[in-house]
């Protein structure tokens, strides 16, 4: 009853990948892949959670197909830790490994390595990071010069003033829309990047991201609290006693029940000034010919404190959450060699470019964004400079084997703080306790 | 399907053999297919899961489960030390009645949320379902279409049911949030509030599952021997008395089955929550099981323990019905 | 006031007319029995009175109220259903007390009445049995008791005693009559038991194919049946019918003739054909016919079949010389050369014996051969015939 | 509640099947004050219709709203895009998903009805030692969230069994319709058993006795007399099982890889319109409206079987 | 071979013993009627024979097979149920043909048989009615037809004619007898109708409280009842019972005495107390007693109640001078100073008239006052009494 004939490699992925499969296959062959090796995409649900569960049950059951999995960079490490991926260092050629080591966006590669051995277990397929979109037309009408905004981050304070002012001057209802529902996205991304922009971290800086157990929990430090207070100012305004002073009320309260799709709505309908979202989605939906076109501007995420002001290395300044997807090989597959060859072919530059052209998947080698091919792609070409600027600012979430557990708690407590059910201090205090307990649990286990 | 014609050749010995079994042996024989299926799909997995609940969680490594830890997993769940986003039972006690901190905190207790949900749900679905069934039991033109209309919510998949209510209460999309806010019943972001979401989920579930009750009660109503109504009418029973003294007691067995399964289903509510407010906003017992199992962090031991705790709670709650069944004259238990 | 009046009541089902233009007035406190062949519409008529069935046409009055559209509960009736229809979920006590509990009677009153009713139907000590744990007759008695406990304006009883043994039935009959006397309730009753119909009723309503044939006191129906149907239906075994031609001073049947002066009867002239009816008990062996004042001449016959019944013997006779032994004996429905006679069990008589019989002329009925309407009851005028004086059953005589 | 019931009940007074409802109404309302309740009855009916249908109507509005314009949908769609009902078949082979679900649900329903009928007969009409505990055991299955079965079943159904080798691709049930039919039958079995037990137990013994004297076996009596007489109950159990299986989510996800050609059920199809960041709500809405149609048809068909008062007239007791 | 043998069959329900150590052998092709008061265990006994009820103790044989544990379908029986038990979801045709269709008879054969049976029960043209669209009697006839179409070894009929009118009942009786003769099937029959029991059966089994009282040909049961119960139960109205003390040459009752020589009877001695039984038809007014050979002396009595039945009149007499008019008239169950007499309808008699009556001594029964067992039938030996010669009913006589 299986659909694939026996020599075809089956990749567990999504419909987007399925749609571009033929072109990509061609390109792979052009890039030197053995003509006998073909692959097929099995599109699972597009929802990342469901895909993870799907993969989890396949690997748990030791199924031999699919042969390869496309995994979110946010949850690849747990699979690596559970020995459900193949160590690629033994499969890929040194040359390819070098390319990955040198050319690929390092933040991304970090999430594809075994945190203890540093061995590569997944091939980054594409990275992703959000941008701040804004209505350039409205902002300019309101009298602001947007020159340089595309690459030069501004502070949140300035941002809030600009947005509030623009909103008041134009007839839109909302200033800034983002995602703040109590879901993984809050923990991994929107709050993570805001907090990072304030120089805060969950576990004391970027060095402790991938190994749970013996690391400090720093969620109740001032930068983190400030990030929350700022958001409370955005949401509730200055009447809120926990609002950070000097920040305008710019976000609708509804953001606390919004995820990507809902939050885009008002902006897409011309009812918001600024909007934070993933570019492949946000830009595609708003900056097309039929939509707002050139009126949409993009800028890096604003910052709370500058990099210098930040206590931790690599934090502060404009920060964006790192997303993106990797490819891994199913350890139970009978076609390890073929899989490895496919992976190698995916590292070819033309393949990366094709993927961007066809599926707006950023090349893991961000330098390729400057290439001519990219410059021809509407409407993304208008925003490549912003996107490129983001690469260095990407902060990965602290993915460990217990990250999902921690993410849920983080989302709840941050959400509690956003909605005002708890004061920022209270929420972060509670969060710290929960996280410490969770860290201690792994430490116990590892000690055994 | 078994044949009954004595003349039929080949099956005859089997049929004879079956006919001559004692009542008990015959009963066990006929139960075999059902129990075989249940053993494979239910009893065996449950036994395996039960075993899992006594093993340690292993978040990394190839082996999903560690060594035997006795009741540790259960104890952790009860003391609120489990690795779960929301806790099973995390009550703040107060000195005043009802001795439990209600309000926000209340809606974040999986146990209480689930129980409150189940009780309210069964209450409303029973009342509404009964009303619907009575309407559908009448003969009137267009009854068939009304019947379809009443049953259709039951045919809507849970994800879609969730989507409908999720979108209705999405401030920029639907009208629900604004309407309820304007009425002063909900806050401005109901799907972000545990309390408001609880009621949204309740409404959504009552909307869908009343049809289940209606369908079963209707079947019960239609099995009532109509001549009994004639007797009752002549005896002078008013419509209400006929309902109370004839219809209700005769429908009661079907009603009890409907309520029993509705209770169990309501106590296992998950999909609807996941597709509307999310498990972090409105935690239910099953939410916890699912999150433990699929949350990404591998805590299978805990997950198994939560599942069994959930079953135990449902079991305790359900025992009310079992007592009721026993009371039931000619009842099934 | 619980007069029950049916006015042109008709009940049609898709393809059947169950009740056909029924007109009837049943007096307050009267005991009327419906009799008629199976499927003739007795139950349907009752249901119309009870309000369980809406007549297709016509109206029903109870007392002075038009109740045609009134729901059953407002008619103040009690009914024993032919199909018994006990509430399966209630025990005997609950079944019997159902109507009382509906009316919120005091517990003691309910208990008292239930006990009394249970006593009447001899079900003491069975109060907590469930219907399924009872025998057919016991169930029927519960159904009767359920009606008895009430004190309605009208009792409707549809074959209430069908499943009871003879003794219990006699007992129940007496009890019902007593009840009737005590409460002075109107009772409408259906039975297939002629004895029951005869002894209990003030009047009998004979129904056939949905329409009323005769409604009259039992003995009138017996002695002066309105038509051939009634004559044949009432009385068991049934009346003998023979076709005859009216002569100048006799009735000429195929095998014998009967002295008769057609002038005494309106509309009859010599040469007309009529149906002659005579009951088995009005046929006598010549030597036992001493008491018969107006007997016919001797009729030659041969005994064909004897049916001993304990307290009497039915003798199937064949008249006419050429008659073979009848192939068929359909109880009472004798063909033209058959004659059924009832004699004392002591009578010495044998099969295939040649006998001579006489008929009691004062008890011979004549019917129109086409319409079946009665033309004449008794070929001679006799002062002592029971006719015309509606004697009542046992209920009245003590 | 009380008033609703009373109203509705009153309607049945003097209900006559052989008269047209309108004719009856006209006739009755003139002479019977009870007819005053009729408007109340319609009021209640309309209320139920409104409450049950409104969300569904709203779903239709969502479906008709073009993609990306999902804003302020109240009584009318935001835009009008009936083409979505065709698009859902273009984006995905949605018909195949429907077909899969339909086949799986039909087979599972048959299996459940037959197996549960046997069990229902036993529990409802026979008495034997251990009846109570066994019923409780059946019920026990429903105490557990489906997730509790997940890990062992996942292992079981991915295990390769040599005996299955000839029939199944790789000897495991994964990605076959059996992988759905078997667990779903078991999961919906307890409900069906309880429903059927209740209804079978209510059929008077007299009718079964009559059938057996006429020459049926005990099972013959079940299939020829008890089941037909329990038509409302059996139809209900069937409808509930069918709908349940048709829309089942958990095991469907577990037992197939979501590919239509691998017997993925309709829910996989509907969720196929969900993207990582974005959901094609209009397509999902349209798909589910289309997906619900077979069920509506089923209900119409099944209810023909639900004939009122079947037991009337058979017994005198 | 379809002998039916019950061996110590006992059926106990929780608190009731429905059948108590029943022993009975019913011959192949015999027609046996069960009679007995409501709830005495008739239906339960039948169900045991049918296999619908497992006896608590004892065995059932049909032919030579022990069928105690055999399912009903393998016993080759047909049964008419007391509660009719039509299949509500099948029309008349389907109901009647059910058993045949189960056995895969050819369509034509089924049609033929169904038609024949429908003809017998007079239900032609109702083939596609549903049970709920029929009258009570029609339903009962369908139930009969359903049994008739089969050709079983044993017919079990539990009050099959209870809801039929007199005429139809007579017709059905004849048909059943014809069938019995034709198929030579064993028939076990329950009826409450004495005439039915008397005329149809080869033997009557009288049952009381679950135990068999007498099984004998009808006239034996009538003329020589085995005990007080049978005597009182068989015959309607019931036998008169009076307590008496045995004197040296008479029986001394409270109000009159009867010539009797105790020496002629074993175990009776002067001074013993006995119950004297005499049937109403053996009580005569002195002036009509001409034919009575062995009459008693004159007994003074007063008429209390008259119950005219059409073909006879029941006269309730009060004997003894001080007797007041009885308050209660319980049909036949006379108290010691009551006496029921049946007379010709022509007899001129009035209420409250002083009359003299005599009893037929050859028809007086004596019963043990404690056990109720019959001590003697007829106080004089008469050659012509019907006893001992099992005359058969109409079924045999043509």
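Chains: A, B, C, D and E, in written order; residue numbering restarts at 1 for each.
By our rule, contacts are C-beta pairs under 8 Å (C-beta built on N, C-alpha and C of every residue); 3 or more make two chains touch, one makes a residue touch a chain.
Only a predicted model underlies this, so the values are computations on that prediction, with no experimental measurement involved.
Between subunit D and subunit E, the least number of touch steps comes to 1. Contacts with subunit A and subunit E are shared by B, D.
The central chain here, found by comparing per-chain C-alpha centres with the mean of all protein C-alpha atoms, is D. Separating the centre of subunit B from that of subunit E, both taken as means of CA atoms, is a distance of 60 Å. Centre-to-centre separation between subunit B and subunit D, using Cα means, comes to 15 Å.
Taking each chain's centre as the mean of its C-alpha atoms, subunit A lies 97 Å from subunit C. Chain centres here are Cα averages; for subunit A and subunit B they lie 38 Å apart. In subunit B, the residues that reach two or more other chains under the touch definition are 4-6, 19, 64, 172-173, 225, 227, 233, 294, 330. Annotation for subunit C: residues touching 2 or more other chains are 13, 51, 71, 82-83, 85, 88, 136. Multi-chain contact residues of subunit D (touching two or more other chains) are listed as 13, 70-71, 150-151, 215-218, 220, 271, 309-313, 315-317.
Across the interface of their complex, subunit B is touched by residues 47, 50-52, 71-73, 76-79, 81, 83, 85, 87-89, 98-99, 102-103, 130, 146, 150, 156 of subunit C. Considering their complex, residues 1-6, 15, 18-19, 23-24, 26-28, 30-31, 33-35, 37-38, 40-46, 48-49, 52, 64, 127-128, 130-132, 134-135, 137-141, 144, 146-160, 163-165, 167-168, 172-175, 207, 210-212, 215-216, 218-220, 222-227, 229, 233, 239-240, 242-243, 247, 253-254, 256-257, 260-261, 264-265, 268, 270-271, 285-286, 289-290, 293-294, 300, 303-304, 307-308, 310-312, 314-315, 318, 322, 330-333 of subunit B touch subunit D. Contact residues of subunit E toward subunit B in the complex are 69-71, 73-74, 102-104. Residues of subunit D that touch subunit E in their complex: 206-207, 209-218, 220, 225, 228-229, 231, 309-317. Interface residues of subunit E, counted against subunit C in their complex, comprise 13, 16, 35-39, 42-44, 82-83, 133-138, 140-141, 158-159, 162-171, 173-174, 192-195, 198-199, 218-219, 222, 232-233, 235-238, 279, 281, 291, 304-312, 325, 329-333, 342, 345-346, 351, 386, 391, 393-394, 397-398.
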